[in-house]
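Structure, as structure tokens:
Chain naming follows the written order as A, B, C, D and E, and within any one chain the residues start at number 1.
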């Protein structure tokens, strides 16, 4: 009964196209944002900031990026980490080589570089489809990391290819503590998530989904398939690029190209699938799941007192098992589970 | 007929001359000539595998014929290009429903309006000014179509969940959303009962009446075809065996033999 | 020139080893439309189980291998039961994801049972150049490679016959096209999948033994999958002969590229070169060399 | 009741599980031994493990999770470059020292720029220098390397490229020909690299490998008939895990090491007191005293020395803070006498750290695989051109300091 | 007359929340043809899928009621078991195996049968006899055949299973009038000569009622009317809504003016 849309009539199309057409959702979102921006900074510990919240937000952003490409535009990519790497290393070089470069601009430029690389590697998608494309995107993954390792210029000739992110300073304010970095990341993620939501509820988003669902029909209707796919690659890579830069600047600080390896790409793909393909909210759910699950698991298995060699493996098995379990329970991901939950709540206490 | 006079059937706007299309060894179309006049309802009938759908595919550029030419609005060309066809106002529905299964009914119909969108990608991302206005404007048009086709109750349903007949109607709605000047319908009434077919006929006739849309229709229900079309072309395994008004076609012995059977 | 041929042959022979792994992928994809990411983990699991049985229980190799075979069959059946059955008719990517889950599970399980030590596997096949060939031509061709090639050829022939000439093969291809329709005509998806996964387990075992005896049985075996992927896309996901042809092409060209192009660009291009090569092939033939054409019609 | 807490960021699954389980097993075995012997002046050691999977993100999480536990982390040792980089910047704020035994940034030896990082004993640059020294000695003098061909076969990553500056400097100064051949990760296939090597026919091959790449390199060398005696691996290519899978092919293969293979009283004591009491960490007892295990014991021994030092300064029998332990680690002095007391005479080089030198030694040894076990080749500890390496450390760390806007300075005790 | 297939008050829910069938009961007596009529979305396909256990693959479930075939409850049975017992479904929307040739498609239909090559060949010829068009297209991949050809393939494929009970979901869809008549003749043939029972979901009410023995009308997930086919065909409501005949005459499609929803049995 709490969750009722009864009585909420939409009188204009404008209100109907709102991001959260139901009032309860709107209030809940507002509450979450208030908590995230105002309450959490005061109550969370540095551990929560730097080990959970910051990576959670950064991965959410990357997952959001991949979700645009895979979930909305239907192009499976296994090269997400490569685009993140481009974003990070490009931002680093902009900061390094352009005196007085504002950091936010460097992030954006980093994202744009990633977008351009994304477009270049997205070109084959015009002909190649499905898992063929997925496997081919591994070319991106390996090539980009190889390139960053091979060309010393990208890493400022550091002998080992490791870069150290510069200090973050915006308008004279230094973002040093985990708390400050958290707020920065949160701000960026919120803005980008809003933009993404806008995109997917307007024509760009519909063009992506149309191409995903049936590209021949989309073409007949008048969408330009090439342009649509490439925009998806560009936007997705842009998001991933920003996420990669934040990963370097706000999370680890010092990175080598290898940090953006295949493993990371996969991790982000899990987030997207577990969270729900084609759902902005799902990206966040997925990121939370993949970031938190191992932590929670290792804490739980820990109390069993088994030797670590056993617990580590059990953890791995449970992790794999849970992925399968969730897929079986809801193949469309946590976002759909959430939606079904809401629908049930709406019907409650009267079934159907 | 009185209302067809009202509709003022005009000149030929689309003309296919000696079109041939084959896939490997299969000859889908052999030397077909076929024309469509402005504002008319033009039907194509024929047995299964006769090449009806292929003909539509040639008209809007999904298939490219090996021989022959197509003249559309005075412009003669070897083949059409899907995008160009869409731009010049040709919309269509498909035999094997080609809806975007992951999207809601509303979104599906909205995609039909994509060519009307002028706002850029950045404007849409920021959801400001033109983008928002356009969205509202298009939404209004789409809602009208939804009302027209009585799809209100499924507006927000993902199309994958819809029963077959409703899907067909959503497809029509999507095509109408483009405000086409020519509408190609490939078996729009398959899988419907009489009542629903009646509704569908009404939609088609009204579209034709109110907007003057030219309609090319493939349908196996002879009742429907004979009742609503102005001219009927009959294909039989890639060849055209008859063309004319419903009455002419109905009495054409070759057509009876190949398609209608003794009724 | 001599060197060129040496590189070429080495490449072709490496390609055979890749093809061996790729076969497992093809098998499952062709039979159910599932892109089985767990193939690498299965290779690892099979090899580790064999060595584990041998070392921990002191079994002879010839006893350990059949027991592992049984284990792989059971694994196939269990996978069908627990993972695939509830996911019938779901989106490809969901099934793909499920196999990733399976990957983690198998990796954990294998190491939980047998530990994470690196182990040695000796099949008794010498991995040294055949002297006869060496004397005659100066080429280095390992006996091991020759045997691997023969095994691979036998597997390819057997699987090709299975798919194209038998009733079960036809049913398998039907399943890959449409789960629901396959069910509706009475193809017992459960059995079919269990069989396919068991056979894929067998192929994984063969690959695991050969790769394991070359590189040692260790976690890195799961990574041979990465070598098999370009082979797979080049040959076509659905073609058994494609796996072997793809393997040969990839093997030869990556070695030649590394040796002749590598030095000019800083080397280490073998990691991405096969993928780029496969990509180029795909641009010409989007379904790989021998893969089934993807039907796109409206 | 008082316990000194040490977080263990271990990895026991994944690609490098065998190394991780050996190393951290050794460290924990030594903790157990210390505790069995009454702790450090009565202070017992406690620890908690966290699985990093050798993955930077998870490693950072583990570090963050454990750094405040048990009254605060004494020190960390992630045994993985990626994780080390991930937590590098956090150390000064958290005041937790980190040791990186034989890996990580070579320039971190400069304690003025990296006050909280301790690449104890030796770093990659010193190792590379030691390698050239050893190869020179083999030829009968380093200048005899002139005109020789040396292949640097490396893991194509930051790790494999770390020794470039040193090797290139030597290439220039001595005049040998250095051929660099990368192996893409993970290195399960090396036919083309070894064909190239066979073609080049070098005098030596330096194998800068990691994980499966090592065994494959040895095997492939055998396949193309390259003598294993002419291969010189790094210490991460010099464990039983690298040679056993290669079987007979590994016989005669040499690598660097910072432990002298063999048996030591301390290892015996671990066998007796720890494994005897059923507290041993390794499931496979054959691995006691193996290369990785001994490295773990060595690391733990030096940590305890650091803590002991700190106690000597800040109060015996008390639990030390990270800051205090940092001082302790900066003032390690394990000479032969101390080694004998520890039951580890010659198990690792003598080491004396200072603010300028967080390495404390830079000496290495060469070992050879005789088909069953590792044997030391060089009786004495070898060091390369220390002066050259130190100059490079200074330059590189200065660059880092500039990027990070750090003013180099020694921290007060 | 004993019921071969009995559906007892079933309720079907999709995706845990969408209630589609709200208590449907029906019977198919042995050797009879039963038609299931109803508007789009009434739940005809859902009913058939519930019987053949294909519902599970669409995340739907039967939450109440029971289905019995030949005296056995089917809730635990898989589709494969049912095919073996003789229940075979022709799914709506063709569902051919696109990459298999037309002939291979037909052959998969006989998967569960253990028969000799000669028998198989004979059955194949029989299907080709019914659908000569398929014979000419036998070597084409069915993904490339026309809509009607696919529909024939789907029907032919089910015939190859030699079932004793066929669930036909809109068999006439997309077929030329001649073929529709042909299909129903086949239905009649199989029914009278081989005693095959049919449950037929069909929009082409005219033909359906002509060939069926009994009919059910489904609306909104409920059975709103049932009766002998001949009775239904003469019922005024049915005539108006399903046969398009009002006051004794067929109205031209051009002349039906209003497309308001008309009176329904249930709101």
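Here is the rule we use: a residue touches a chain if its C-beta (ideal position, glycine included) is under 8 Å from a C-beta of that chain, and two chains touch if they have at least 3 such contacts.
The shown structure was predicted, so the numbers you read here are calculated from the model rather than taken from an experiment.
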{"item": "If a chain touches subunit B and subunit C alike, it appears here", "value": "A, E"}
{"item": "Number of hops, subunit A to subunit E, where each hop joins two touching chains", "value": "1"}
{"item": "From subunit C, the most remote chain by mean C-alpha position", "value": "B"}
{"item": "Approximate Å spacing (C-alpha centroids) for the pair subunit D, subunit E", "value": "73"}
{"item": "Subunit A and subunit C: spacing of chain centres that average the CA atoms, whole Å", "value": "32"}
{"item": "Chain centre separation (subunit C, subunit D; CA means) in Å", "value": "36"}
{"item": "Centroid distance [mean C-alpha coordinates] between subunit E and subunit B, Å", "value": "28"}
{"item": "Where subunit B touches two or more other chains, by residue", "value": "62, 94, 96, 98"}
{"item": "Interface hub residues of subunit C, defined as touching at least two other chains", "value": "107-108, 111, 115-116, 266, 268-269, 271-272, 297-298"}
{"item": "For subunit D, residues that touch 2 or more chains besides their own", "value": "12-13, 21, 156, 184-185, 283"}
{"item": "All chain pairs that touch each other", "value": "A-B, A-C, A-D, A-E, B-C, B-E, C-D, C-E"}
{"item": "Subunit E to subunit A touching residues, read off their complex", "value": "13, 15-17, 19, 59"}
{"item": "For the subunit A and subunit E complex, residues of the former touching the latter", "value": "331, 340, 343-344, 347, 352"}
{"item": "Residues of subunit E that touch subunit B when the two form their complex", "value": "14, 18, 37-42, 45, 92-94, 133, 137, 140, 144-149, 151-152, 170, 173-181, 203-206, 241-244, 250-254, 256-259, 261-262"}
{"item": "Subunit A-facing residues of subunit C, complex", "value": "29, 35, 82-83, 86-87, 90-94, 96-98, 100-109, 111-112, 115-116, 226, 229-230, 232-233, 237, 265-266, 268-269, 271-272, 275-276, 278-279, 282-283, 286-288, 291, 294, 296-298"}
{"item": "Complex contacts: residues of subunit A adjacent to subunit B", "value": "12-14, 16-17, 195-196, 198-199, 202-204, 206-207, 209-210, 212-214, 216-224, 231, 278"}
